C-alpha cells in the first residue's frame, strides 16, 4: 500500500521524464549543424544521393511529423538507427550495456566494500591518523581526474610493469565466451571456461579500480559525515550509557542509521558512475556504452546519442525508484506511515 | 468595567488538514482550536494555560495571522486585519506584536541588533536608516540594552539579552497588545525574573495589554490579571487568575494544578496524576471533551458543555461575548456549576 | 600471448561500421569487403592498373557506353554456388537501389544485363572514362544473390550484410563482436590457392599506446593508425617493421574562394607562399610526407612531376598582399580532430600567417560539423583529406575543380574557373588516356596558379607489423586493405 | 558525544579582531591541517591565474618545431609538447581557462539555481510543481552527455561547454535553494517578520537569501572541485577550450598519445587538475566543518 | 555522623554509590580551556535520592557524565580529583569493564526523550538488547523481563509497545520506555539528567512518580538533575546547588530550601514568582553567569553578590553550617539566611 504510494507516482514520473528527455534531445539534435544524410552517404555524395538518404531517414518530412514518429517509435522501443554503426540503436545499446554494467557493478561493489568500512573507521577515529588517511584517500578519490588516473595506471601496470592488461575485456588470443548475459565473468563460468574467466578478471582490475576509486571517495566522505552525525545523536549516548558493546553500537545502532541518508547518495553515485564510466571506458578501450556514446558524440551520431540519453535517463529514474524503495525499507518511519 | 475590549476573539476555529490522500488531498483534520471566544481590555493581561498540544500556540498564531483560521473573527480595536489589504492591513496588524518562546530562533542570526529591533518599522517603510537607528537606540535603552550592543549580532548575546531584543522589537510599533508565547520557558529562572520585571515595567509605562501562554502556573498567577484554561482547543475555565488558580472549579484545572511542581506541596501520588495522554484531536469527542479522563464524569457529561458564568445555576444559557467581559468567572462543566465538585 | 602462426591479429582504432559493399564507404570496412568479396577486376600488385579477377576478359563498344564482361569459371561463393552473371547484375542493381554512398562511383550506369550465365553487359548513359577502374572499387563487389533470404522489411539484406559476408573472396566473417573483434575464417570454396592464414582477427583498440604495446608484446601482428611519433619510436625494435608507404592520401586546405578576402587570387597566393611547408613536413610529419605538387598526387597517372609548387617565401607573400591592397586580414581555420595533423598544422599556419600580417583563429568543431561547414561554404580555411575511390585523376581533377561539384561533393573551395572546368570535363568524357593526361596537366597548371586550395602534403600510409608477417603487398588504392590470402606468418 | 549546552545563557565572547582570528588559524592548523593545505592550494592557483605572465618563463603559444617533445630540463621544467611549446608555461596559463571556466560554471549555476529555487519555493503551487518537474527532467539527463551534446550542438568551445555544465548543475542548486527557502520559511524569525506584515519579497531579500547563502556557498566550493574535473573531462574528449588556448584537460588529452615515450606530457597537467580539485574539496570540507557548530569551530 | 567531612555516611557501611572528590575538569578549545568543573565534591549514598540544581551550563551534566565517562573521549581533561563508582574508579577501568558497569551498576536517563531511542530499531529489541547485554538470559526471558518492567511503568499494552518504533510513541511514552530501560538491569544508581524538562507538567508528574516509586522500592540511588528547584524539592532527600562549575551549597533538601546559606541559593529562590505578590517586582540576580573560559578570581559569584567584599577574592572553602549542610561562602555568617520556605506550606 505505502509501497504503491511511492511507486505509482514514480512511474508517472518516469514517463514524464522520458518524454521530457525525448523532447530535449530531439530539439538539440535539430539544432546541430551536420547533415545525418551526408554522414551516411559519405562526404562526396551527390545531391541526388543525399536526397534519397534523407527520404530514407524521414528527414524530408516536417519537423513536427519527425517528432511524432520519433516519439511513437520510442514507445515501441525503437530508438532509431545509428548513423555511424548503421545498426539499430536499441541493438547497439543491448550489445554494449552489459560491458558497462559489468564494469560498473564490480567497481560499485569495490567502492562500497572499501568505502563503507573506511568511512566508518574515519568517523570513529575522527582526527586520528586513520581519519587523516581516510580523508586523504577520499579527497583524492573525489578530486582525481578519472581519465588521467586511468592513463597513469595503464602506463604503470601495463606498459612499464607488464603485470596487467591495459585495454579491452579479454585477452587477444582467447575466444569470447558465448553470450548469455553479456557479463564475461558470468558467461565464462557458465561455459566452464576458466581461461576466459581469469582473463576477464585481469582485464577488469584496472578499469574497475579506477572507477571504484572516485566513488570510494564519495562514499567514504558521505559515510563519515553521516556517521559523525549519527554518533552524536542522543540514542547513541543512550546506547553507550546502557553499556552496550562498542561493536554493537557502531554496527547495529550507528551504521544502520548512517546508511539511510547515504542511500540517496548511493543513488546519485550510480549516476556519477555512468559519467566516470564514459571516461574510463574511453581510456581502457572498454567496449561499453561509454565508448559508444563518446564516439557517437564525436561523430554527432544523433540517433545514438538520443537513444543513449533516453535509456540513461530511464536508468536514472529507475535507480531513484529503487533508492526510494530501499530508503523506505531502511527507515521505518517512512515504511509504516508513508 | 465599561472599557471597550482591545482584542476580541469570537468563535475562532482552526483546523489543519492532514494530507493523506494519494494526490495530496486531505482525508481528515486536526481540530487544534475549537470555537474560542475571548476578550482582552486595554492594559490587561490574559494568561492561557493548558497542557502541551491543547492548541495554545495555534490560538495565538491564528490571532496574529500566522495560521489560517477556519472560521471566526479576531477584532483588534474593533477591526479585523484579515479583511484589510496592503498598508491598512499592516497598520492594524502592527497594533499587536508577538514574542516567541525561543529568542535564539526568533531573531535572524545575520542581522545586527538595531536592524532586528526596527524590523517592523522597516517593513512598514517611510523611515530613513538614521531614523531607524535612533529609534533602535531608544528602544534598546527601554529594555535595558546598552548602545554598544546595537551593532552586534544575536549570537553574541545571552538568552536573556536576546529576549530583550525580541521585546524591544515587539514594542517598536507602539502596539496595544503583546502576545507572549512562553516568553521565558527557554530561560533560567534568574533570567526569567529579569524578563518578567521588564514586561511588567513596560506594561506600567506603556499601558500594554498582554496575552501570555505559559506552562508555569505560578508565573501566570504572578503575571496575569485573568487566566483561561484550555483543553483540546477549548477554553474550559476562565476568570481572574488568583481565583481560578487558587480555587479551580473545572476538574481538568484541578488535575493540572495538582501536577504542577511546586515548592509548596509534595509530588502527587500516581492516582492523582492519572491524567494519561491528551486525547486525539483528529476526531473530536461528543459531549464534554474531558469526560474520558474525568474522575467526576457522570450522567449529563455526554452533552456538549458550554462556557457559562460560574455560579449561574441555570447552566443552560451561553454567554454572549459582550457579557463575558463583565462576568468574572466562567467554567465549562455542568457538574462544577451544580456544585458537585 | 602470441597468436598461433596461422592466425593474424590486426589491431585498429575503431570498429568498421559495416561490411556491406552496398553501404560501406570507409576504409575500415573495405578491409572486410576486399577480404570476403571479389570484383570483376582488381588492382594489379602495387599499381593502380586493373587486371581481371572475376571477369576473364572485357570489351567496350564504339560508343564507349556498352561494356561486356566474360566471367571466369570456377569462382564460387562461400556457400558453394557459382558466381554468375545474375549475381553481378544483382550486386549492381542492389547498390543502385540502395543509393547509398558507394553508388556514387557509378554515376552513368544505366543498366546491367545478363547475356548468359557467363556474360554480363553494362550499359552506360554516357561515355565515362574511369568506368573500368570503378569496377575495382569496394562498392563493385559481387554479392551472392542468396542474401535476399535474409531480407527484412525490404532492406535488401542490409541489416544482415552489415555484419556478415556473402562473397567469393578468400575469407568470410564468422563473428563480429561490436567494438571488440571481428573474426574472419577461410572460405572453403575459394577458387584461389588455399591461404596460409587460417583466421584473421581484427580487434578494436582505441588508444594508440595500447595498440603499440600489443604489437610490442606480440598480442597483435599488425597495428594501424600509427602516428609519426610512435612510428619513430617503434623503428628501433627489430621484431617490428614500420610500413611507411607513399600513399594517395593528401592533406590540403580548402580556401573559401567565395568569401572575401579569399576571393582575391593574390590573397590565396600570398597564403600559399606564406606556409613553411618544409617545417610542417619535417616537424609535424617527421618527414613521413611530401609536399604536394598540383592536385594529382605522385603515384597516380596525371601527376605532373614538373608542375609548379609554392614554396615558403614570406617576402613574396607580403608583396602579394600589398598588391592586393588588403591589410588587417582576419581569418578562421575550422578543423576537427579527425586527423591528428590538423591541429598542429593549424598552429603552424597560425604562426606562418601571423608573419605576413594575417590573423588566424583556430576553431575546433566536431568532424561532422566541419564537413557540413565545408560543404555549405561556411568557413574561411579548413583542412581536408582526400583519397581516391578509384585509380583515376578524375577523382581529383573533376571533383576538386568542376563547379558542378561545389560543396560537399568535392569542390569545397567553391572554385570556379570556366577554363579549368572545360578542361576537366572534356578529360572525363573521352577515354583516350594520353589525351586525357594532357588535358589534366593543362588544367592543373591553370588551377595551381589560381591557388584555390593550399596544397600541403601527400602523406605516407603508416602502419606497423611484426617482422614475422610476410607477403604484404602495398597498393596505394587500398589503404587499410590487406592481401590476407597471400600473406603468411613465419619465424 | 554530548551536545554542548543548547540554551546558551552564557554570552559567547565576541570574536574580536585579528588576534582571535590568528588564534583560530593556529587552532585550525592543529585540528584540521588538511583545510590549511586546501586553502594554500587555492591561494597558489589564484596567484597562478593572476600572475601567469610573471611566472611563466615562455610564451605558452610559441611554436618551436625544432624542439618538439623535449623531456623536462632546466630550460623546460615540464618538457615541451609536440610542436615545441613549453609545457610549464602552458600549464601555468592553462589555469586560466580551466579554473576560470569552473568558477564561471559555478557562478552561473548558483546564480540561476538560487533565483529559480527561491522563486519556486515562494510562488509554490502549480508553478513550483512545474519547475521542480522540469528540474527532475534535467537531473535525469546524464550530466556529461547533456554537456557533450550541448557543446556539440553549439559548437565545442569553452563557453558552450561551460553553459552546458552550468545547465546540468542548475537543478542541484534549485533544490538546495528551494529546500533552504522552505525550511527558512518555517523558522521562527521568518514567522516573526510575517507578523509585521512583511511581503514575501521582503522576506526573501532580508531573511531567506542571506541565510540560505552560506550552505549554498559551501556546496559551491565543494562543487568547484568536481567542476574543475568535469571541465577537464570535457576538454579531454575534445569539447573544451579552442587551440591554441592551453587547458589542462586538453593537455592530458593530447598528451596521452605520447604517454609511452613522453611521460611528462600528460603527467603534469593531470597533476595540476588533481591538486586544484583537491584544494577546492579540502577547503570546502573545512569551511563546512567550521560552519558546523557541532564540530567546535565558530 | 562525620560532620567535618559534611557527609551523612554512617561509618562502616558499604561504599557509597558515587563519590566525586575535588573533581576539576576542562574542555580545551581554540579559544582556551573551558573550565567546566572546579573542585566538585559530591557523594551519593546507597538508596539515596539526590538533586543537582543550577542554571543552564553550570556543569550538572558534565559532572555526571564524567562519573560514567560518557564525555567525548579526547575532548576533555580531568585536572584534579577522583571519582568512585561503587568504590571503583571509572578512569582506571578498561573499555569493556566500563561497558559492564554502564547499564548494570549505573544507568542514565537523558533529557530529550524524542531522540534518545534509536529510530530504526523496535522498542522491544532495544530493551532486550540492553537486558541481554548484562544478564545471561535467553531472549524469551529477556522479553518477559522487558514486558514486566514496561508494565511497571504503567504502559497499558507492553506487547504493542515492544513492537512499535519510537516515532510511533508520544514523548511521555518514550520517556517511560527510557526509564524502563534504565531500570531493566536493576542498577544501583540511576542518573536522571533533566528527564522531564521536555515534557508537559502533567506527564512530568507521572514520570517523576514512576522514578521515585521504583527507586524507593528497589533501593536504587538516584541523582536527579534539574534546573527546576520545585521539582527537586518534591523529589530529593538531599541536594547540591551548582554555580559556574562549583558546588556552592549542599545539604538536606528541606534545610537548604528553608534556610539557604549561600547568597546565590537565596537569590535563586527569590527569583521564583511563587512567593511574591502578583505583579510585584521579582528579585532578579544582576549580571550574568561568568565566562568559564576566564572565570573571576575567588568566589565565582562575587561579581553578582551584593554582600561580596575583599575576602571573597579568595576561593571560599566548603564549610558545614549544620550537620550535612555545606556552604562555600566567606560571608555565610554575615548574611541572614532568608527563610524562603517559611512563608510557604512546608
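For reference, chains read A, B, C, D and E in written order, and residue numbers begin at 1 within each chain.
Here, a residue touches a chain if its C-beta (ideal position, glycine included) is under 8 Å from a C-beta of that chain, and two chains touch if they have at least 3 such contacts.
According to UniProt, the chain labels map to these proteins: A = ABC transporter permease; B, E = ABC transporter ATP-binding protein; D = D,D-dipeptide ABC transporter permease.
Given the structure is predicted, the values throughout are model-derived calculations rather than measurements.
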Those chains which touch chain C and also touch chain A (ABC transporter permease): D
Shortest path length from chain B to chain C (each step joins two touching chains): 2
Pair sharing more residue contacts (C-beta pairs) when A-E is set against B-E: B-E
Centre distance in Å when chain B and chain D are each reduced to the mean of their C-alpha atoms: 49
Computed distance of Cα centres, chain D from chain A (ABC transporter permease), in Å: 23
Chain E: positions in contact with at least two other chains: 55-56, 70, 288
Contacts with 2+ other chains: residues of chain C: 207, 209, 213, 337, 366, 369
Sites on chain B at which at least two other chains make contact: 158, 160, 188, 191
Residue ranges of chain D touching chain B (in the complex, touch as defined): 7-12, 14, 187-189, 191-198, 202, 206-207, 210-211
Residues of chain E defined as touching chain B within the complex: 55-56, 154, 170, 172-173, 199-206, 208-210, 212-213, 227-231, 233-235, 257, 267-268, 271-274, 276, 278-285, 288, 341, 344-346
Chain D to chain A (ABC transporter permease) touching residues, read off their complex: 1-3, 31, 34, 133-134, 136-137, 139-146, 148-150, 152-155, 225-226, 229-230, 232-233, 236-239, 249, 252-253, 256, 259-260, 263, 266-267, 269-270, 273-275, 277-278, 280-282, 285, 294-295
Chain D-touching residues of chain C, taken from the complex the two chains share: 207-209, 212-213, 227, 229-230, 233, 279, 282-284, 337, 340, 343-344, 346-348, 350-351, 361-366, 369
Chain C partner contacts - residues on chain D that touch it in the complex: 63, 65-66, 68-69, 82-84, 152, 155-157, 238, 242-244, 254, 256-261
